[in-house]
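Below are structures written as structure tokens.
In the two complexes below, chain A is the common chain; its partner is chain B in one and chain C in the other.
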Partner chain A sequence: MVKTESRRPGRRSISSSPAGAVTGRLRRRRPPSSSPRPPGLTARQRAAIWVRRHRLAPYLLLIPATAVIAWLILWPAAQIGLFSFQDYGLMQIIGAQPTQWIGLGNYSQILHDPEFWLSLRITVLFSLVVVPLTLTVGTLVGLLLSRLGRKMATFVSTSALLAWGTPAVSASVIFAWLTDPDGGIVDWSLSKLPSWLGGGPHWAEFSWQNSALPAYTVLTALLVWMGFPFIAVTVLAGLRTIPAELHEAARIDGAGPWRSFWTITFPLLRPVFMVLLMLSIIWDFGVFTQAFVITAAPGNRDEFNLGLYEYFKAFTQPPAYGMASAIAFILTLILLIITVGYVRASVKQGEVR
Partner chain B sequence: MTTAPAPLAARRARRPGTAGKRARRALLNLAGLLVALVTLFPVLWMISTAFKPPTELFSLTPHPIPLHPTLDNFRHVIDGTGVTDSSNNPIPYWTFLRNSLFVTIVAVAVSSLLALLAAIALARFKFRFRTTYLIMLLIVQMLPQQALVIALYIDFRSLNLLDSLTGLIAVYTAFALPVTIWMLRSFAASVPKELEEAAAIDGAGAWTVFWRILFPLVTPGLVATSVFAFIFAYNEFVFALTFLGVDTPRFTLPLFVQFFQGHSTSGTDWGAIMAASTLFTIPVLAFFLIIQRRLASGLVAGAVKG
Partner chain C sequence: MGLRKRSAVLAASAAAAALAITGCSSSGSSSSSSATGGSSSSASTSSAPSTLTVWRMGASVPEQVTWMNGVVDQFHTQFPQFAKTQVKVVWVPWGNRTQDWNNALSSGKNIPDITELGNTDTPTEAASGILASLTSNLKSWSGASDLVKGMVDNDTLNGETYAVPWFGGVRAVWYRTDQFKAAGITSTPTTWAELAADAQKLQAKFPGTYGFPAVTNDTNAFASFIWGAGGQIATQGSDGKWTATLTDPKTEAAIRYYVSLYTTAKVSPSKYIGQTELGNTGATSGGANEDFGLGKLDMYIDGPWGKATMPKNSVDMANVSSFPIPSQNGPDAAPVFAGGSDLAVFKTSANQAAAWDLIQVMDNPTNSTSFAKLAGFFPPYSSAISNGVYPGDQFMAGFAKAALNGQTAPLNAKNWATADNGQYLIIPTMLKKLMNGASFDSTVAAANTQLANVLNTGNQG
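Entry: the complex of A and B
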């Protein structure tokens, strides 16, 4: 009781609690006879007392990190919003002309740009395919891992970890090589497949990068490959929290694996799945590096997703920072809406404590 | 059990369920093997390609293991005949490795320090806006980098931080912070408060309590989180691409690997790209294998961007 009282920083312990007598004495500037310190307080001591009295310690500790985040993340995010209402291009960035507020000009220009709608459609369709696919594959591997023997499980999860750990640029370059029309193993395998499996010599030298559908097929494979390990490991961790008796009871009652998943596993892990779903949507909707390497190297405008469309608006000549900011703002808003869902799911799961 | 005499084994097999169970086990193992092979294949193919001579790259029957393994691709990459500076001198691989390591190590050190302070505040004190701050961290983590890069590019241009590694360090520090704080917070919260209280009763000041008690106990957590920050900064592509432009001598490794692909002079030299990508990737994967155990728990503890 006294113990906790004595070390709790704050006004109460200094002014009223008997255990805070030392600091209390210092504050009241008792004569030096009762303390070895010289009369008066050094600036440092005075500051320390001031911090304690106003319970400032947590705020002081947060200042450096918050300042960096505010400067390099929050302020740029606000700036995107500001720029999106301005005419901001080459003339403005070199300082030849002042920036001008043009109201919703950028937005109306974008909304009338067919490229915007194409890239939005590509982004949405892509997410609609990749998110369920990654979640399904990841969950299946997680379930598989929970049933395997220890050695096999370690082997599988280690290889999954390696896929997860492969840097985005490396993974993209590898998939570009796998699907290269000249020496790629994918085209070679497809051309050797019997025709009833969809293979055939027409696959030889098939170019995966020249139009949107093949390019995004490669991107889908890439993102599922990179994304499923995280899902699998998380689902596996979730599965371990479910008492084995539940599944056993279901089996004795005659439930098959399908039924037992949907009546036991899924409802119990629903919060985990919600978080995974939100995260997957956010990542796949905003995928950039992989899309850049797989599709944008040849620079086909009809293969842009929202992120690439925005990026190339800003960073190809002539730069249109204002318009790009408007697209970036729209992209950010969409992601924020999904993030709200993610935050709510996290709060429900008790992560924000 | 496996060496049971034949009649017993036969009797066992006849017992309902046992044979089915064994078949099920075999099927599961087969599925596991298949998953592992499909998962490992791209990485293995990268390594195998890196050792192949040009004639084997485009051969009519690709072999999983190079028939005539060669180190030429690696030599090519390390000597730097692929990427040149503005006066056409080749840049060796070591330059990019040094750039990457410099940026990453400084960013990780700074962000770990700042995150540690913030994590202590969030784990040890109750104050107003604490929940708000945590939610802010979650949201900030999700802001798309390709959106923020526009504003950062404009800001850094006026601050003269483009074409410099300092700018990258600043950005990597900032973007590593939310996740690092988030994860460190749970590590700091798991240190029993009683230890600090006991030290305080023994007369230790706030600084001593932090330095002698809290810090040593949080160190494992600090190591785990700095690994995440390290991997983020080492792999980062968008900011490096935008800030460094064509300033090849300042390139970091991801840019180097991608540049190789996008700007090869005579067709795409896949052997060299795979060698570059192998040199870039293997350290990360080795890292992953070493910290595997901690990683799994960390993955679940905090959502980490992949």
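Entry: the complex of A and C
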């Protein structure tokens, strides 16, 4: 947009916004507004004409959704922004003590807290593993689905969507049971495996919960299991839009599946993959429910990710809502930076038009 | 976190029954019908609440439900103006208590009228302003004079009393006499070395079991090891300032010993790292308590109340006995954390008078003693304790012995709840890190600094 404007500076004088450009065009086509009005129009009809002339209908239709989002998301977000600069705890909520502005106090305290850096490191490393893994598994299943017959495809996609549809708490509890030191099937199976496969009796009562690496291994398996179906179905939908002739031509030219994926499928579906990548990062960065259950969170403070760290700042004794708001803002900021990077990359590639 | 609460409306039928009783006995004022004397509720006769909500801690126990039903009946008889008031008991897992109090207070919804508090919580919660002052009520209550003074002092802040002691309890080591006999152990251990050696003997004799669990998130039990080495967790100067003493050589010896139970003596499995004696924080059953019941553990530390949460298919309790937690070099037992619970009225409750009247019934000498005996507690009344609560009870012998040497500080410090189960799990996390192989000196030093800051300022600074 910036480039376009610099090349054609005259445009700015006509209108400063795309909506204005539209009305500018309209004015040329229709009689000017100063022309005598058709007689006998009711106020309602005149309003309708005004709305149509200024092309306001889309905006009017957006109002209800915007209002809901503003009420449920924007307003709380603004409040969180306010709290993050205040010493806001239990006493302030019930009004026993006045709220105090402490500037960047919450932020500086967080940045000096080793627990914050530990949880940030855990969050980033975890996302670095889970996002590519989910995308890979999801894409492979999507490709598989596109080659299966109708019945088999229905079966596979239904099974996968069941995993996706399982409520987060139920899925987490199931995984916690699978890896339970007392009779969990994972520990039992590992203890029965021969030692050259990595098994052995030392797995018999292995606890997956009480240090970060095992706990996040289980969490990785859980999130990939829950996350891949959405990727698979989205990729499948994308695959359906690619004309069959392209793959056919590639095959005739002697391209194998690997080659035709990277030269045809991936470039054509790049926008889809970008969106999936962004969504996966946002989800895996902010994962809370599953992490809470799998790491048995309240007892294991050295296994916090950012979500758990924030939650426990806000809700354990003494509640520090201001501090937790500041963490929420830092988390949002990190995700915003990633998102902005993504938007810039897409604009450069000419995908956003 | 309402999900984890189990609630039980106890008195739906009891209220109806009480109606009939009060129909016969409703002559005279409420104070004359009160066996334990004292009533502060004459002003509130006109506004009897339809429901009183009582928060209990832990898991619902059938005998305690029955006991509570009886108390509610007495409450209706002694205070006829509340004869139609139902009493609703909500069970809150210990691990969720501060969170649930805070949520109730900040949301203004689902507020308890009465809440049970751990005696270490009371100073914190009184200071945070969620509890109503009971000072004037206590002055006019006949039960007050016989309450153990130390327990009342614990609930008093700046001259105001915010809670009434309800029961006291101590921990000891549970063991099985049949197992000791089979392993050839003739007397219970009185030193750390004997404890570890006996744990190894039992473990060898009974394959598939573990000797002694080094649970990390139970500072109330672990404190006995520090005290049993002559160390302290923290000490308070005359100016009120706390000095953390985790790096004191005596305290360090206790930390080393406890960690070694897992790392070198290998009498404890890795699953107890990060757990309380009931399993994960917030759980109401499981962990070492359940494993001992199932015969997977040969010994463990808990209070006598642990019986209530053991599984149905537990080992024969007739063989289960207790001995006080050994000190480093014996022969005297280690000091034990003098735990217990208090009853308090929530400051924002609309039913202050009714709540206090119900507390008077729950906590009168007869009811508190019968309640204490259900779970192996000790009543908060000096005369009851000096008469001996559990004469001739083999299982209770170890606990009764341990109770003679109780200590509470610093576990009742104002910021202790923050340090130990709120924002910071300082000692549990330290033990956990050490068991997972962190360097000893730096880990303990970091925990020590953090503990001093939290005890003094409420955050780690």
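Quick note on the criterion: the second predicted complex is superposed on the first by the 265 of 353 C-alpha atoms of A that agree within 3 Å, B and C clash if a C-alpha of one lies under 4 Å from a C-alpha of the other, contacts with A are read in each partner's own complex, and residues count from 1 in each chain.
The working rule: a contact is a pair of C-beta atoms (placed from the backbone, for glycine too) under 8 Å apart; a residue touches a chain by one contact, two chains touch by 3 or more.
Quantities reported herein were computed from a predicted structural model and do not represent experimental measurements.
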| item | value |
| --- | --- |
| Touching partner for A:315 - first (chain B), second (chain C), both, neither | both |
| Contacts of A:211 with chain B and chain C, given as first, second, both or neither | second |
| Contacts of A:118 with chain B and chain C, given as first, second, both or neither | neither |
| Which of chain B and chain C A:93 touches, first, second, both or neither | both |
| Contacts of A:342 with chain B and chain C, given as first, second, both or neither | first |
| Which superposed partner A:300 touches (first chain B, second chain C, both, neither) | second |
| Which superposed partner A:274 touches (first chain B, second chain C, both, neither) | neither |
| Partner with the higher number of touched chain A residues, chain C or chain B | B |
| Residues on chain A lying within both footprints (that of chain B and that of chain C) | 93, 182, 297, 315 |
| Complex interface listing, chain C residues touching chain A | 95, 98-99, 102-103, 105-106, 108, 124, 128-130, 217, 269-271, 273-276, 280-282, 291, 348, 417-418, 421-425, 428-429, 432-433, 436, 458-460 |
| Complex contact set, residues of chain A against chain C | 90-91, 93-94, 96, 109, 113, 181-182, 205-207, 209-211, 296-302, 312-313, 315-320 |
| Chain A-touching residues of chain B, taken from the complex the two chains share | 25, 28-29, 31-33, 35-37, 39-40, 42-43, 45-46, 49, 57-59, 62, 114-115, 117-118, 120-122, 124-125, 127, 130-131, 133-135, 138-140, 142-155, 157, 170-171, 173-175, 177-178, 181, 196-197, 200-201, 206, 231, 234-235, 237-238, 241-242, 254, 257-258, 261-262, 268, 270, 273-274, 277, 280-281, 284-285, 287-289, 292, 295-296, 299-300, 303-306 |
| Complex contact set, residues of chain A against chain B | 3-4, 6-7, 9, 55, 57-59, 61-62, 64-66, 68-69, 71-77, 79-80, 83, 88, 93, 141, 144-145, 147-149, 152-153, 155-171, 173-178, 180, 182-183, 185, 188, 225-227, 229-230, 233-234, 237, 275, 279, 282-283, 286, 288-289, 292-293, 297, 307, 310-311, 314-315, 321, 324-325, 328-329, 331-332, 335-336, 338-339, 342-343, 346-347, 352 |
